[in-house]
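After this come two complexes, each holding subunit A, first together with subunit B and then together with subunit C.
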Partner chain A sequence: MNRKREAFFNAMSVFIAVLAALLVTLIIIFCVSDEPVEALKAFITGPVSTRRRMGNVVEAMIPLVFTGLAACVMFQAKQFSLIGDGSFLVGALGTAVLVLHFDLPPVVAPLLGIILGGMVGGICAVIPGYLKAKWNANEFVVSMMFNSILVYFTVYVLLNDIRDPDSGFLASFTLPENAKLAVLVSKTNVHAGIFAALFMVVVTTIFMYKTKWGYSIRMVGINPKFAKYSGINTFMVMFSCQIIGGFIAGIGGSVELLGMYDRFQWQDTPGYGFDGMTVAILAANNPALVPIGALFLAYIRVGTDVMARTSNIPNEAVNIIQGIIMILITASAFLSGIKHRMVIHSAKEEKKQVKEAT
Partner chain B sequence: MIQQLFTIVFTTSFAYSILRVSTPIILAGMAAVVSERAGVVNIAIEGMMLTSALTGVVVSAGTRSWFTGLLASLLISIFMSLILAYFILNLKANTIMCGLAINTIAKGGTVFALYLLTGNKGASTALKSLTVPQLDIPLIKNIPVIGEILSGQNLLTYLAVILVALLHVFIFHTRMGIRISAVGENARAVESVGISVKKTRYMALLISGLFSGLAGTFMSMGYMSGFTANMTSGRGFIALAANSMGQNTPWGTLLAALIFGAADSASNSLQVLKIPTQFIQMIPYATTILGITLYSIQRSNKEKKTKTKLLNQE
Partner chain C sequence: MSEDLLVMSGITKIYPNGVMANDKVDFSIKAGEIHALMGENGAGKSTLMNILFGEHQPEEGEIFLEGNKVKIGSPNEAIALGIGMVHQHFMLVPSLSIAHNIYLGMEPRKHGLIDIRSMVKQAEELAEKYNFKIKSTARVADIPVGMKQKVEILKALARGAKILILDEPTAVLTPQETQELFHELIEFKKKGHTIVFISHKLKEIKQICDRITIMKNGRSMGTYDMEDMDEKSISRLMVGRDVIKTIEKAKAKPGEEIFRVEHLSCINEDGKHAVNDISLSVRSGEILGIAGVEGNGQTEFIESVTGMRKDYKGNVYMKGRCMDKLSIKQTRRAGLSHISEDRMTLGVAAEATISDNLIADKLGEEIIGYGPFLSGKKITRLSGELIETFLIKCSSEKQPVSMLSGGNMQKVVVAREFAREPVVMIANQPSRGVDVGATEFIHKKLVQIRDKGAAVLLVSADLNEVMGLSDSLMVFYGGEIVAYFEDSSKVTEEELGYYMLGIKKQSEEEIRRVLHE
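Let's look at the complex of A and B:
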């Protein structure tokens, strides 16, 4: 009963927040656009209007699944670290360096590349994770600062190790065909990375809900003091959950690079770490629901892109929608009154049942 | 190389640039001090800065007065901080998530507005915006070395230093200021003597918004003249770090902001040396992490000591 009620209220608050955000979008469109109906149509039906655009939605969804999972693991332990953003970037960099330096056979190349990307991503999280777990240094600020360092590091490696001087823009040499992930659907870029993403969803869900470690992570998030007194090693939990988050985000970076790009060319974080937080909130921190959250965010992202091309509304509208959704879901107190009444009601029911039984 | 280093660092223009580079971090740092004292980690400083930077540019271009531009940007920043306060305090939303949401909206919303106003997503060059004037200080101006460093700075730089002093007095010597700190230390104890925690936190966030607004205005109407997309580039977060380094005190945070400013200016001028640029650009961020670490170690040791002390007393 209790768990059902929780799930119901989570779903309700997400639903209301999404609705409110779309309403605000509607208002913005009608205020700003000369042809609001056209713009709205582009926003809503644009992503499913052609095969290519449907492909775009799935392509945009894949990296969001990874960073969404990373954020879920960290949020479950109440660790608000942004390291996923940096891990994603450096994970991809690690993969690029590996596949450019070593001539690996097909299948082995992407596999090794992705594993290395994950490991590098995990290593990125060591400093913010350790400082938080050991001395309670604010993980948000430290990871934010550390991400800047990682960006400069990436630019350094790109310039001095893998840069292709003959390329017209700042980018690495072309990645070998052997390493690239296969395209699954013709006329789109939907690549084999989607299997990796769904695999990670399953693994992370099992890890969080069926293993002792996952249980410890959730306990530390619910009540760190209680977790500590009941014998959970809170230091290891806080330390490890950021590293696991970095690992998953790093894999995401590798998959995105090998699936979507011909060269490594990022000179800044692509920002998927941030978006992953929105996805995690939409999924109520439940890894199993991450694909749905990622799909939704990918859909409105492609929708605003289509709208930007057909009307005068810039695609930054997506940030506004994203922000409103985030703030409204976390402010679920607007539902707490109803929730409170429901709790009392169900308690009374139970009491009645007990009375009747005796 | 060392000699080269010295000739760069010991120049008046270097010292002048430290003050200039530090100003937004000092102002945003004060925003962090006030909110952190009330027990709220205000991540939205970054977003408020960005929004007021744009507002200042747009309003000053429209009204042809830098002062109205400044005023408008302060108002918008305070308005945003009140929204943040409403969500955190009335709707009990998670502070960090709300801050992130406000930052996301500000980052996209400023570009959105800029594009609608000027048709350009990158910079506000189409708007003829004004800047807050620079001041020559009469007597100091004529002193050889000091004059070159201290005189001719932006009005907001001087204001920043004055406000640090005022904030120090406010926090440690006024009733409201002491209440704010008390709320941050132990909200329940404060509530039990009949002071409203909510009102106090509202007050703290309002002041925090005011300082964020000043910091943002300086970015687009002092540090640079005009708005560019995401021009605050993480200074709001650096301010939070400066506050950690400065141990939640105005003067400490000022010092931390100056250290950061020095590292940042150094990274600009050290680029003539043969070390790869990227490593020099890391210096300010590495310094900040080091500062936070040292502070956190010190704090956690202190906590341990008090704990053992209390246990021994029993």
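Let's look at the complex of A and C:
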């Protein structure tokens, strides 16, 4: 089977899925809106119509890059873990606790906060990672249930340790200015976290494709039996890839908190872990492509937001689009018929060649 | 005899991974016969029968039942046509009663609920009709294996099967249970049923079958009347030589002992004693061959000595060092190379590139990069050298292995395993599914490392290979060594066949010579 054709098939299935999802959006818009053309225009050009909205796209993209990278690492090892969702939340919590308790100087405060956030995020993944590697407990189920433990742990810490009793709603004390990430572009909230995100893209890409550890992760994902036979420690790989994923997601949580918020106020996961899975699928699990996937998702997020505010289409439309993309891309079987015919063709060719040779 | 009841003609099946399991196979059975389908593992018997039972769809070929062309799209359709199959691995619900298993999905009903009383009654009537002794209210989880098989057969009969396919039915049975099954099968025949009996046990087939079809490498080797065939002619068709070609090698000069196995036993996943007290020794500069029909413990034995399986009893030594507690990585670093029999599951990561496949066992070494990093330059250089030395036909080292032909894929495996001068080379079916040119190449390489002083342990079901390549030879049967020949060139094919099929066995003393004590 030709390599170019194989790549073409994979790219095509993502493209068709995205197209189908947008088509459904179009149908929804025409069904529920009185002024569909206006609504469509808001959806498509809205995000680039003002500087503020462009800023919104970039702001929405930053956390998606982190959770997207986290999902890439885990998906490459074929570990379908949701721990990124919990690690993101608890990573941010860890950062909040640190910067509220210790009076740290500028630069040091966000740096330490982010590193701690990553470590806490990694620790969150220890239990699901170990259970999977040691006893083959399904990582999807374990991480999902473990996430709800992490949510209540977060609420507990928020209520008992960092809650500001004078605040009108349930939130922590105000985060110190020293810890906050600088805003880069005026009139927007685009913050220095974008550098951290791009830095992580580079680091993760190098890690996956240029280190022995990343290589082991990829091999375990492609064929775990082959990895074991070759002498790769499959236990450590399965255990560690969830921890690395949790680490990256935890950093994402810290960055999001320090860049976008004045107080820690999440009482549930903000859901970026799930969005990260969509991003990873769009990027075909390649960390280098994650920014593109994240940008796409952020763009349609902001687009539907603009549309919801300027027309009478509900914001929920975006969730429908996302769902359809996920379903269509994961159901990669929809081109398998053609693929199978090509496999048969090449098997016959080969047989013919062998016969001629003998 | 009557007309052909069922004809399969020109069946070709290619699996999604590109393996051609059936290649234009013709197969026919007559009404009221017991028809044996014989061949080694991987010869394509099960594939052919799965097609007949509607579980796989053939790429080419037609099926005729009583002269009418039929299309069997699913097992349900097969059952509707009166075809039933008993799989090697039982498909029963352990928590339900025997009666319920027999009538699963077609339970008698009363007021919309399952009528258990009449279900039990029906099951007992059915069993009585065929002289089966079963207690139909017992839970399937509590009954012995032989009984489970009866339940499977009754299940097929309850669904009106006229043609019954039995996939290696005796593999799980004791000799007594086997005899009981045979009586029952002969009863079926008298009642007008037709039976297809898959097996590779010669004696059994001789005992009850009327005709025999032999398969080899996905092709049919012909259908014969049982009375015209003897054990010898069957074994020749089943494992016999394709092409006579000699493997060029000088006489071996065995040195000191390098690899030693003592009293190795292990129990496999089915709970059977797969390997039973095997001891052997391989010396430097010698190729020790293991012949035998597949499934006689070779797989489990190789898994144990290579560190893939740790639940064995006994000891494995390499140059006097005990290997039992070492990880696979440590075993490999000590100089053990392993060409696996199962290329697609163990030998390669098919979706990864050629160079990714070549470096998998060298992660701790600087030859592919310093410290934790991989060096693209070094890997390209190493891959380029190996591709050149091992004549791997490819467009570049970045090509995914899945795009290579079977022979080139195997060369990738061989290149990786030969890259670090092995002290011990375990080659398990090194030329399976590989074209003639690649086979010759792999053989040459094996002889080369032998001459450099490596100890080579060769497992092969291909007589041509194992006889031609080995210096000394042993035979596995039923998880034991049944024969050892000091000089493999002095053994005849016929004689080997007797040992391989369990007809003859050497004495303890003769076998112990393999230890060179």
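Throughout what follows, the second predicted complex is superposed on the first by the 328 of 358 C-alpha atoms of A that agree within 3 Å, B and C clash if a C-alpha of one lies under 4 Å from a C-alpha of the other, contacts with A are read in each partner's own complex, and residues count from 1 in each chain.
Here is the rule we go by: contacts are C-beta pairs under 8 Å (C-beta built on N, C-alpha and C of every residue); 3 or more make two chains touch, one makes a residue touch a chain.
Not measured: the values here are computed from a predicted model.
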- Message: Contact-wise, after the overlay, does A:V32 reach subunit B, subunit C, both or neither (first, second, both, neither)?
- Response: first
- Pick one for A:F173: touches subunit B only (first), subunit C only (second), both, or neither. neither
- Answer with first, second, both or neither: which of subunit B and subunit C does A:N233 touch in the superposed model? second
- Query: Which partner does A:F80 reach: the first (subunit B), the second (subunit C), both, or neither?
  - Reply: first
- Specify the partner with more touching residues on subunit A, choosing between subunit B and subunit C. B
- Report for A:N223: first if it touches subunit B alone, second if subunit C alone, otherwise both or neither. second
- Task: Name the contact category of A:L131: first (subunit B only), second (subunit C only), both, or neither.
- Result: first
- Item | Contact residues common to both interfaces of subunit A (with subunit B and with subunit C) | none
- Which bits of subunit B are touching subunit A when the two form their complex? 41, 43, 87, 90-94, 96-98, 100-105, 107-109, 111-112, 115-116, 121, 234, 237-238, 240-241, 244, 276, 278-279, 281-282, 285-286, 288-289, 292-293, 295-297, 299-300
- Task: Can you check the complex and tell me which residues of subunit A touch subunit B?
- Result: 32, 80, 127, 131, 134-138, 140-142, 144-146, 148-149, 152-153, 155-156, 159-160, 274, 277-278, 281, 312, 314, 316-320, 322-324, 326-327, 330-334, 336
- Task: Write out the stretch or stretches of subunit A touching subunit C in their complex.
- Result: 1-3, 6, 209-213, 215-216, 218-219, 222-223, 225-233, 340, 343-344, 346-348, 350-351, 353-354, 357-358
- Item | Touching residues (chain side subunit C, partner subunit A) in the complex | 14, 16-20, 23, 59, 243, 308, 327-329, 331-333, 338, 340, 345-352, 356, 359-361, 363, 368-369, 372-374, 376, 399-400, 402-403, 405-406, 435-437
